[in-house]
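Take a look at the structures below.
Below are two complexes that have chain A in common, paired first with chain B and then with chain C.
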Partner chain A sequence: MNQVFDADVIVVGSGALGSNAAFELAKHGKSVIILEAGEHIPRWKIVENFRNSSNKSNYNSPYPNEPWARNSYDEQYIENTGSFEFRPGMLKLVGGTTWHWAAACWRYLPNDMKLKTLYGVGRDWPMEYSELEPYYARAEVALGVCGSDTQDQSGHDGEAFPPRSTPYPMPPEGDTYLFQRLRARLAPAGYVFLHEPNGRATTPYDGRPACSGNNNCMPVCPIGAMYSGDVHAKHAQQAGAKLLTDATAYKLEKGEGGKIVAVHYRSSKGDDVRLTAKYFVVAANGLETPKLLLISDVANSSDQVGRNLMDHTGQGLQFLADEPVWPGRGAVQQGGIFNRRDGEFRKERASVKHAFANNVPNMAVAQRLIEQGVFGKELDERIRHDAARWVDVSTVYETLPLATNTIRPSTTRTDALGIPMMVVNYEVDDYVKAAKPGVDADYADFVKIMGGTVVEDNTGWQNRDHLMGTVIMGSDAKDSVVNHECRTFDHPNLFLATTGVIPASGTINPTLTGVALSIRLADIIAREV
Partner chain B sequence: MNVQISRLRGLAALCGLFASLSVWAVEDNAALVKQGEYVARAADCAACHRTVEKGGAALSGGYAIDSPMGRIISSNITPSKAYGIGDYTEQQLADAVRKGVNAKGQNLYPAMPYTSYQGMSDADIHALYAYLQQGVKAVDIPVEPTQLAFPFNIRPLMFGWNLLFLDTQGFVPEAGADAQQVRGQYLVDNLAHCGACHTPRNALMAEDNSRYLSGAELGGWIAPNITSDKATGVGSWSADELVGFLKNGHVTNKAQAAGGMAEAVEHSLRFLTDDDLHAMASYLKTVPAIATGNHVASHPREVTPIDMTTLETGQGDQASLVDASETDGARLYNSACASCHGRDGQGTVDAFYPSLSQNSALTGQHVNNLVMAIIEGIDRKGADLEVNMPALGDDLNDQQIAAIANYSLQRFGNPLLSVDEQTVAKWRRGGDAPLLVTAMPYVMWGGGLLLLVLIVWALVVRSKRRRVRAIEAKKIALNRRFHSR
Partner chain C sequence: MISRRKLLFSGAAITGAGLLSSTWVGSALAQQVHNAASNDVEQLHQLSLFLTEREALDPSLTLRVLARCTEADPLFPDKMKALWGSIAQQGLSRVGQLSASPVYQTPAHKDTVQKIVRAWYLGYTGTPVSMRAVDDTKLVTFTGALAYTPTLDATVIPTYSRGHTNYWVNPPSTVAND
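What follows is the complex of A and B.
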């Protein structure tokens, strides 16, 4: 008997990962439904919201925070029980959180994926870099990545690395003056500077104009030069996928043979709908995905769903250089220092990346001066002076998957749809802490070489919004949630398209890897469905 | 011995001669193929004979041309024997290009601009043939067939149409034109087929040569008047400006190529030699002025930026952040357009983002191209730059687009122009359908009569035209707009 399904595949989440998976499936001629908790909002409207915001440093403020589709800065959204206040800047709307990211599009190094084998810590990926490489290439084409084909991204100043089968789709942008000045003075001391491959068009690409340096990547690129997930939400629809907004998935329904048979969603208008499909892809980010699995009681025979939460927990440094370095021209970040990306030291301590933020610093500068009691004409002069010399270092650490770093559905708080909100328990471990002295030494060196005056060199641990590990990938069903295909061990027709599958965090922003895995899982599903 | 040596020498010399002859032949042929590639560029074959997906195999066809009669699928013109023109003789190619008849003897639809190509020189056809057979990779992929609705699916109808509208006398240079202008005329009329867009079409969709190059509406866009009329044509443009526009697709503080013209620049014009572009400009300057409409002179205007405090009034509640129903032109312009074109509409100093107050899309006679650029965006590679203006048609409804256009016209452009929501909707759909299509349901009642009438009319008009042409030939210098008949 042929069963009638609502779709071949239902994708939960319309962010960069879900939309890319949906687009690939639709291109293969599969019928696809995408469920999105939030709404579609055109770019101009988000720009208007940003301009009207009274809190411009809150990158979530131009985006809606509805009682049924809360963004992550909502106090109610995450309750923290650990010592670290885990609060990433996640969004709910068509296109997801890539509406405000800095578009870093790094690849992992082959060594990043063999952490346990090489360094005896953390976990290995259940696949080699070479297996992922072709999908990295496709992900770079999808996102329109610009990058350098000649740099050694391992930070060892060698030949071009990691291996690439194709060149970057676009050449890198020109070096900002800030980047030039920092490199000119810091590189002679042995610091290895790398351009950051990024999802900003440097020539017109896929309907996007070239970046013109609005310096507003976060919270919204006003011209759409920077990639955001809505690009593929639209491509997916043009290829035939059906997108349902205001549709929050709250239950995956199990059927016979370990298969998932339906997803249930609710809308703010009170609809409660059950949709069936042959395959399901949950692409609801690294927090919402494990939450949905846990409240549905699926995919958790390993007891690892919602555990191993990793961020690239970081710290920062701000100082005033002894010369104008003019931050704020071009994109909000362009690269950084990578000496501590890979090496034997990873047996004892985390790898580290220093990125230089290139945001227009006037707001932070003015706020600091006003707090110091500087007013009137002097304030104007000092803003000009300090804003030209502002150096902002944003450091990230590799973290290890700890079963005790968890995201759980709340047992006490629900949203307007009656769906549980979240509880996070996150601690920074000794592996990270062991790397901090090295970072502090680097900081002192940066300040010294740049003739700097420290503004802040003791920020404490900071969020970096890179959600990994929560539905961890591995080769053993006993200790992992998904296999190398991103297929759940427990349910052969349930795949997870989220950076939450990443088992070893490295130090690089995980979105490109997530998109590569999403394209790969779509290929796999397309062969089976 | 001596004899032998001299024989050997002779043989060696002969071999050398043959060798060099064959080298010549190879070089000659390579040059011919290269020349043919240039002809294909100038004739912009790739504009239509492209693949559905961007970046597909060159000239392998499949692209659907949305004609008012329906979707006409461009053919595969690679040298594939199964699906392309690999079996064509040079004469068959010449007939397809100049007469609109394929190797099977079927009439092509005039989406193929054979009425323009009819004047293509034998030398250019020869080179084009060499290129299409030898310089293009055979692609053994069929294209889907063109299937127009009745009666347009009756290809023999084109026989009558051709009798009426296909000139067969080849290229006739204007009397008194210098060599540069003659070359320009050949390029404008035959290879580049400018009239295909810029000359209005009559009720039967043929170019109306009494209004030669005076501008036409096409799929919502306006292909502007490019006669030498100073006010409504390009008479006030310098030759260098015309060349710059053809080559780069933009002239600072004047105009930017968009829509079909952007494609012409990207696929064809930017590859032409400066000599050829100057020839085209030189000829265009001689095209008799035809004034179209009442042009309102538009002077550079003093534009003051709007006071943003009137627009930035703070966020409302959460629901308001999602509500994209705004219809205020000032707010919409400043949210959707000002990031590039500026609050004062002046673009950037280097004109990478063009000024809106010195810009033919806002200061001319038509609002079409302003509206269409907002809907479809601009994506253009010129000789100097590659530019993209994002398409906002999905992010803005017709009412919002009208509001932005009207705000921009009032504040930066020609304040006497305006557009309403219904017109935006119509252009978004591709503009008015031509009479030939809208009248068809009524004409259909005549059934076969139509065919008969068409053919009789064609024969009558043709004989009349022959007589007229004899007279016209004498006054051709006076009335050069009939040159291409």
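What follows is the complex of A and C.
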């Protein structure tokens, strides 16, 4: 007798990764239900929330923070037990955190995926770059990525790299004047500048207009030129997927043969619902996904769920250049310096990326001058002078998976639905610290070459909101949660669509890779369902 | 926009209060403004013109600055008047003299100056706390924040682009003199 299911596949999470997986499955004719803890909020409302926010530097502030769907800046969301305050800016609404991500769309290098083999540290991916490449190509089409087809993205100033089977869907945006001036003065000293491939339309694309330089990619693009996950949440629905909002998954139910048979969710209205499916995809980001697995007691025979938490822990530099470089024209970021992206040095220390922020700096500039006691006409003159010269460097470090860097369900705090919040333990290790002297030397060099005046060159370690490692991918069920398909070793019908599967962080923003993996796992599921 | 003299002598502060009672301000703020003595409004407006050296300031924003600052500190009107009195007593004719003057060396006065100037330039009161959902900040204005005006010809107020794709490949036309 055939068993009746509520859906072929249930996807937990409507962010970029979950929505792309759902869309692919729906296109294959599969019945799909998407569960989203938050609600659908139209773009115009988020834009108005931003404009009316009193703390615009808080990128979560325009977004909901409901008692039943807390965003990550809520005081109760994360309790930290380590020396570093790990607190990424994660959202809960249809479309997920790509509402405020600035849309960097990098591919990993082949060497990034062989870290252990080549450099003797960390872990290898259980797959080759060539296996992922076709899915990178599809992910770039899905997200509408613009990029350069000629740059050596390894940072070695060679031929176009890594290998591509297709060109970028759109040409890159023009270089900002800021980028031009920094490159003109720093490149002769040996610094390799690369354009950052990104999910901002440079021509109208998939219903999105071309970027017009609203300079507000974070916290919200007012016109939707920048890709956000709501695009594919909508596409998935149009392809037949059913999206349930205010539906927080809290339990994956195990059945016979190691299979997952149901997911349970609660709503703010008191619903407590059990849904069955043939396959399940958890796409609830790199913190919420391991939390759901742990509170469900699934997929953890390796004892690796919630371990190996990685961010691209970073630091920053701000200085005033000796010439007007005029940040604030165009999108908020465009690229940076990649000399230390790959090389033998990775045997000893982390790889590093320097990016240049292009935000309108007036608020930071004015605040600094006011604190210095500058007022009146002089203040206005100095704001213009300093805003034109403001250089903001954001550096990220490669991190290694450490079993002691963990996310666990809280045993003392719950949300309004009675679902546990989180405890995070995160320490910055010696591999990262060993790379810091090189970064500090770069900073001194940047300031010297640009004739700069330092505003801040000792920020301490910073969050970069790139969640990896927490449901780590590998080739051995004894030390990994998922295999190269993103299929859990313990449950053949449970897949994880999250950057949390990434076993080697490199230095690049992981979202495009997460989308590529999500499209790939959808293809695999579609063949089996 | 109205002049300082007009505000002082024409009852424009009352007109401003009328503006504030409309829906965009919110009833609590409007009520506080109605409760504020018109003398407070006039003095804050004069003081703000002195501190910013602007030709004119939006009187509806003066009301918002007063309301937000008073909301955070009920003694703000008294502190503001004390500051204004000290500035007059010291005979400061230009704000450029302020930071080196005894007035600014008085912590209470310095704090009041900082609050007023920050509210006008940054467009909010209070202290932002990073990575937290709750802090004590209150919005005064976004597009009216004075920090934006010195560069309006060169950069955008975020979300209000006036350009088109790739306008940013060129510097502002003023770059040679910036």
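One rule holds for everything that comes next: the second predicted complex is superposed on the first by the 529 of 529 C-alpha atoms of A that agree within 3 Å, B and C clash if a C-alpha of one lies under 4 Å from a C-alpha of the other, contacts with A are read in each partner's own complex, and residues count from 1 in each chain.
Keep this in mind: contacts are C-beta pairs under 8 Å (C-beta built on N, C-alpha and C of every residue); 3 or more make two chains touch, one makes a residue touch a chain.
Since the structure is predicted, the reported quantities are computational estimates derived from the model, not experimental observations.
> Overlaying on chain A: chain B and chain C, fit or clash?
Pair status: fit.
> Contacts for A:P437 in the overlay, against chain B (first) and chain C (second): which applies, first, second, both or neither?
neither
> Who contacts more of chain A, chain B or chain C?
More residues of chain A are touched by C.
> With both complexes superposed on chain A, which partner does A:G120 reach: first (chain B), second (chain C), both or neither?
neither
> Between chain B (first) and chain C (second), which does A:P163 come into contact with in this model arrangement: first, second, both, or neither?
Neither chain B nor chain C is touched by A:P163.
> Quick one: is A:G190 in contact with chain B, with chain C, with both, or with neither? Answer first, second, both or neither.
Touch status of A:G190: no partner.
> One more residue to check, A:P171. First (chain B), second (chain C), both or neither?
neither
> Once the shared chain is lined up, is A:G451 touching chain B (first), chain C (second), both, or neither of them?
A:G451 contacts neither chain B nor chain C.
> Does chain B (first) or chain C (second) touch A:V360, or do both, or does neither?
second
> Applying the document's definition of touch, where does A:S212 land relative to chain B and chain C: first, second, both, or neither?
A:S212 contacts both chain B and chain C.
> One more residue to check, A:N65. First (chain B), second (chain C), both or neither?
both
> Once the two complexes are aligned on their shared chain, state how close chain B comes to chain C by Cα atoms, in whole Å.
Superposed on chain A, the two chains' closest C-alpha atoms are separated by 5 Å.
> Common interface residues of chain A with chain B and chain C?
Residues common to the chain A contacts of chain C and of chain B are 47, 51-54, 61, 65, 203, 210, 212, 214, 222, listed in rising order.
> State the interface residues of chain C toward chain A in the complex, per the touch definition above.
For chain C paired with chain A, touching residues are 51-53, 94-96, 98-99, 104, 113-114, 117-118, 121-122, 124-126, 128-135, 137-139, 142-143, 145-151, 154-161, 163-172, 175, 178.
> Spell out the residues on chain B that touch chain A in their complex, using ranges where they run on.
Of all residues in chain B, those touching chain A are 308, 311-315, 318-319, 321-324, 326, 331-332, 334-336, 339-340, 352-353, 377, 379, 386-392, 394-396.
> Hey, which residues of chain A end up touching chain C in the complex?
Going by the criterion above, the answer is residues 47, 50-58, 60-61, 65, 71, 73-75, 85, 87, 89, 173-177, 180, 202-203, 210-216, 220, 222, 324, 326-330, 359-360, 362-363, 365-367, 370-371, 373-381, 383-385, 387-388, 463.
> For chain A, which residues count as touching chain B in their complex?
Listed in rising order, the residues are 39, 41-45, 47-49, 51-54, 61-66, 201, 203-205, 207-210, 212, 214, 222-224, 234.
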